[in-house]
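Data first, discussion second: the structure below is written as structure tokens.
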Amino acid sequence: MRILVCVKQVPDPNTVIYQIDPQSKRLVRDGVANVLDPGAEVALEAALQLAENDGNSTVTVVTMGPEDAEDALRRALAMGADDGVLITDDGLAGSDTLSTAKALAATIKEVGFDLIFCATESTDGYSGMVPGMVAELLGIPHLSFIRSLEVANGVLTGQRVVALGYQTVECPLPLLVAIASGSHEPRYPALKGIMAAKRKKVEEYSLDDLGLAADSVGESGARERVLELRPVEERQAGVIVEDDGTGAAQIAALLRQRGII
Amino acid sequence: MAAIWVYSEITAGRPAPVALELMSKAAELGEATVVLFGKDAAAAATVAGQFGAAHAVIDPREEYDTHLAPAAVDTLAALIRERQPALLLFATSYDSRDVASRLAARLDCGVISNATGLEADGDGFRVLTPWGATTVAVCELTAPGTKFVLVRPKAFTAVENGGTCTVEEVSGQIDAASTAIKVTDTVEEIAQGPVLSDSKVVVSGGRGLGNADNFGLIEELAAALGGAVGASRAVVDAGWRPYGEQVGQTGVTVKPDVYIACGISGAIQHLAGMKGSKTIIAINKDPEAPIFKNADLGIVGDALKILPQLIGEVKKG
Amino acid sequence: MLDFFAVDSLLTSEQRAIRDTVREFVDAEVIPNIRTWWDQEEAPVSLKDKIGALGLFGANLPEKYGCAGIDNVSYGLINYEFERGDSGLRSFSSVQSALVMYPIYAYGSEEQRQQYLPELAAGRLLGCFGLTESDGGSDPGAMRTRARRDGDGWLLNGSKMWITNSPVADIAIVWAKDDEGVVRGFIVPTDTPGFSAPKIESKMSLRASITGEIVLQDCRVGAEALLPEAKGLKAPLGCLTQARYGISWGALGALEAVYISARDYAATRTTFGKPIAGRQLVQDKLVRMITDHSLGLLMSHQLGTLKDAKKMTFPQVSMAKRNNVRVALNGARAAREILGGNGITTEYPVIRHMLNLETVDTYEGTHDIHTMIIGREITGIGALE
């Protein structure tokens, strides 16, 4: 099977900071490094496990982003993906979800696939629109919130998370699956994988390669516009106290006041 | 009046609670039409009328229940092309996202997700979406045609006005390829205690608890208070807790009387799901944690130390 | 990584990736558990399979022996991140890598390398290193353990003290003097009759590391146990150079941990109306800590660069070990002071690192021994003789 995994680079949610801003008295969070989206790592893990069980599959990671998004691909390659595809073009900056999906779908058509993995949503954008859009543009079904899966005789069977439990679902390939966060524990890239990753192939695609018009994607192709930014209605500032041993009692007092206990 | 459509999922023979919220809002901004697919569509239409829908378009075939999004997309796409409503609203939910994303790609139209507000603006609409912790972006969809907006649960209030709606039954053309997916079984897993989204009290835990085992304290406190257990995305991602307990932008939105956040830093993603709580209590070691900006009572300290004491206090009554 | 002087920019992308993977591993698998392990005197033996799977044992040894074949800066960064977790974890892996795998690689036969290194790299076998004896660790040449010829094999007698991992090891690298008084090294399976390794109890330092003795009573090993290329004291000392190299990085990891803890505490602890981080005396301590960390990191990075170029000298290693461990220890003491009463409980990492570093300052050549190694290097006159 040719397995593709769509991944994304996002700002690192956990970074060591050694400075405190003198004005705000808060830790300085500038210059936060970019990392492979933790959700994408879960999807990649699911794909790698499937490929390992199958024994006769390749895993290709695909991302769209600036040149340095290659770092995210290298991380994925270090985890065990076989090769990578980087879609990068200045004209793609500022793409909305549909434009992103169009670039991904055009690339995926070029690359070829039997099965596509995505995260259910990215950790920075959360829209959750791209997987369904990519599947639609490719004319294939998609299953979202998949937490476990197997493939036999060209049919994928899996558990799909729903509000109160799960559905058992099945669908013949080709197919796109969006993997539920937390469903697979991503492996750490082992040292051998890290050393091997630098020798693995990463292919680049530009808008020209994909035959996409520059004005159909990116900033100029965006279908929405921000009119204004408004401050959120702030909650009334509360009481913040350091626990001196009476913290629990203070919470209990408030709960009593609210009639909860 | 602007034609505003609401795509409604059906749960237990009724429109999903969030769909009722959307219908009430749609009725306020224009003329509301609800679209209901699946075997319980007719029964659900009756309820929809009581919450503001003027019209219901139903297709009560079971195909929609077993084949998921692609089947619904076929029928919806044909209806949208033919009738061109100004606005089509979806819930930000498991199934509706699948329908909205495919439909937007098929019709090549713009879509805004995670909306928390909607305002009329002349002939058009303005959509409010959270942008970071302190800002709301007011957006408009600029592409021609029907605008798609996915709205977060509890953004609007469902108003029961006792009305009725016209019901039109359609029989959409479902492409053979759209029936590739089959749902063969549905299993309920989360049962004990109150439902997270509707509970009066929610006790949530995050990374600050150190490990999955320490979540026992969260469960104990929630049980003592008769509340539900929630979790931050970080711990769901780490596999400590099931997805159904995730409170936040993705996951469940809650508005309980009391929300107790333990070892949760308060990432924007989390705040989006619980900021509407009446009273917020936070326990965190880091005094800079953003959760404190939203807390009515914040205790800077170790949740592992405070929780057992608090459980003791609660049990005392 | 705490990195005031942007040492990160001197690293290759692979070095960064290796650092990040170990950092994530330590954050996920060690930091949440280390307090319990330390309090309950539990060594991180349970992590051996995971460490092995990641390729972190003997990572700088060649790939053909099942190792990762990485450069020495990367190897240093592994030690840094391990010791940021706990000196016990770093000791656990240092012993396996520098004191067991390295001597087999450097002084062993090809057969011994093939037999042991892949198993040790994977964590399927654990090793320990028996050099130090109870009468004085700083003078290994005075060792009393003897290896007597016994047919085609050897009969080992004697005892070793302060041996990390000995109670849980599968093999021990034992150093003993032969009939000619020459120090020789042996690979001794710990289930060999006459070999025992009683555990040393009640340590107040390196509690998350298991330490024992080795007692050899007519412990007979075959000819295949001898490390053929190890003749004389310079063989075990060569191992120590490897271990000290790793420690010079590791100590800085511990310094990062105590610095971050102290800085965060100082930023939030308010006295007389403002955070103590705003007090000059506290700032002075924090600035010393981060300056020492920056200097140490630059020195270790350069040491690694020299090691990769095969230009590193042992007095340079002594300087890095001596300096970095002592500044980490001083930093930990300062951090403990900043944390006040909270500094004495293991709820915060500071006292744990502080107590660990007391050992690290002593083992693998005490601070004073390294002073004399460097002193001899710069004056040409040996104070040890």
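In order of appearance the chains are A, B and C, and numbering begins at 1 in each one.
Convention: a contact is a pair of C-beta atoms (placed from the backbone, for glycine too) under 8 Å apart; a residue touches a chain by one contact, two chains touch by 3 or more.
Just so we're clear, the structure is a prediction, and the values are computed from it rather than from any experiment.
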Two chains sharing the most C-beta contacts: A-B
Remotest chain, chain A as reference, centres from CA atoms: C
Chain with minimal offset from the mean of all protein Cα atoms: A
Whole-Å gap separating chain A and chain B, where each centre is the average of the chain's CA atoms: 20
Chain B and chain C, separation of their C-alpha mean positions in angstrom: 52
Inter-centroid spacing, chain C versus chain A (mean Cα positions, whole Å): 38
Numbers and ranges of chain C residues touching at least 2 other chains: 267-268
Contacts with 2+ other chains: residues of chain B: 287-288, 300, 302
Multi-partner residues of chain A (at least 2 other chains): 242
Of chain B, residues touching chain A in the complex: 68-70, 73, 92-95, 97-106, 108-114, 126, 128, 130-131, 133-143, 177-178, 180-190, 200-201, 225, 233-234, 236-239, 241, 243-244, 249-250, 257-258, 260, 267, 269, 275, 279-281, 283, 287-288, 292-302, 305-307, 309-310, 312-314, 317
Parts of chain C lying in touch with chain B, wherever the complex brings them together: 32-33, 264, 267-268, 347
Parts of chain B lying in touch with chain C, wherever the complex brings them together: 210-211, 286-288, 300, 302
In the complex, chain A residues that touch chain B: 13, 26-27, 38-39, 42, 96-98, 101, 120-121, 123, 126-137, 139, 141-145, 147, 160-172, 175, 180-183, 185, 222-232, 234-243, 247-252, 254-255, 258, 260-261
Complex contacts: residues of chain A adjacent to chain C: 14, 16, 18, 20, 25, 71, 74-75, 78, 188-192, 194-195, 197-198, 242
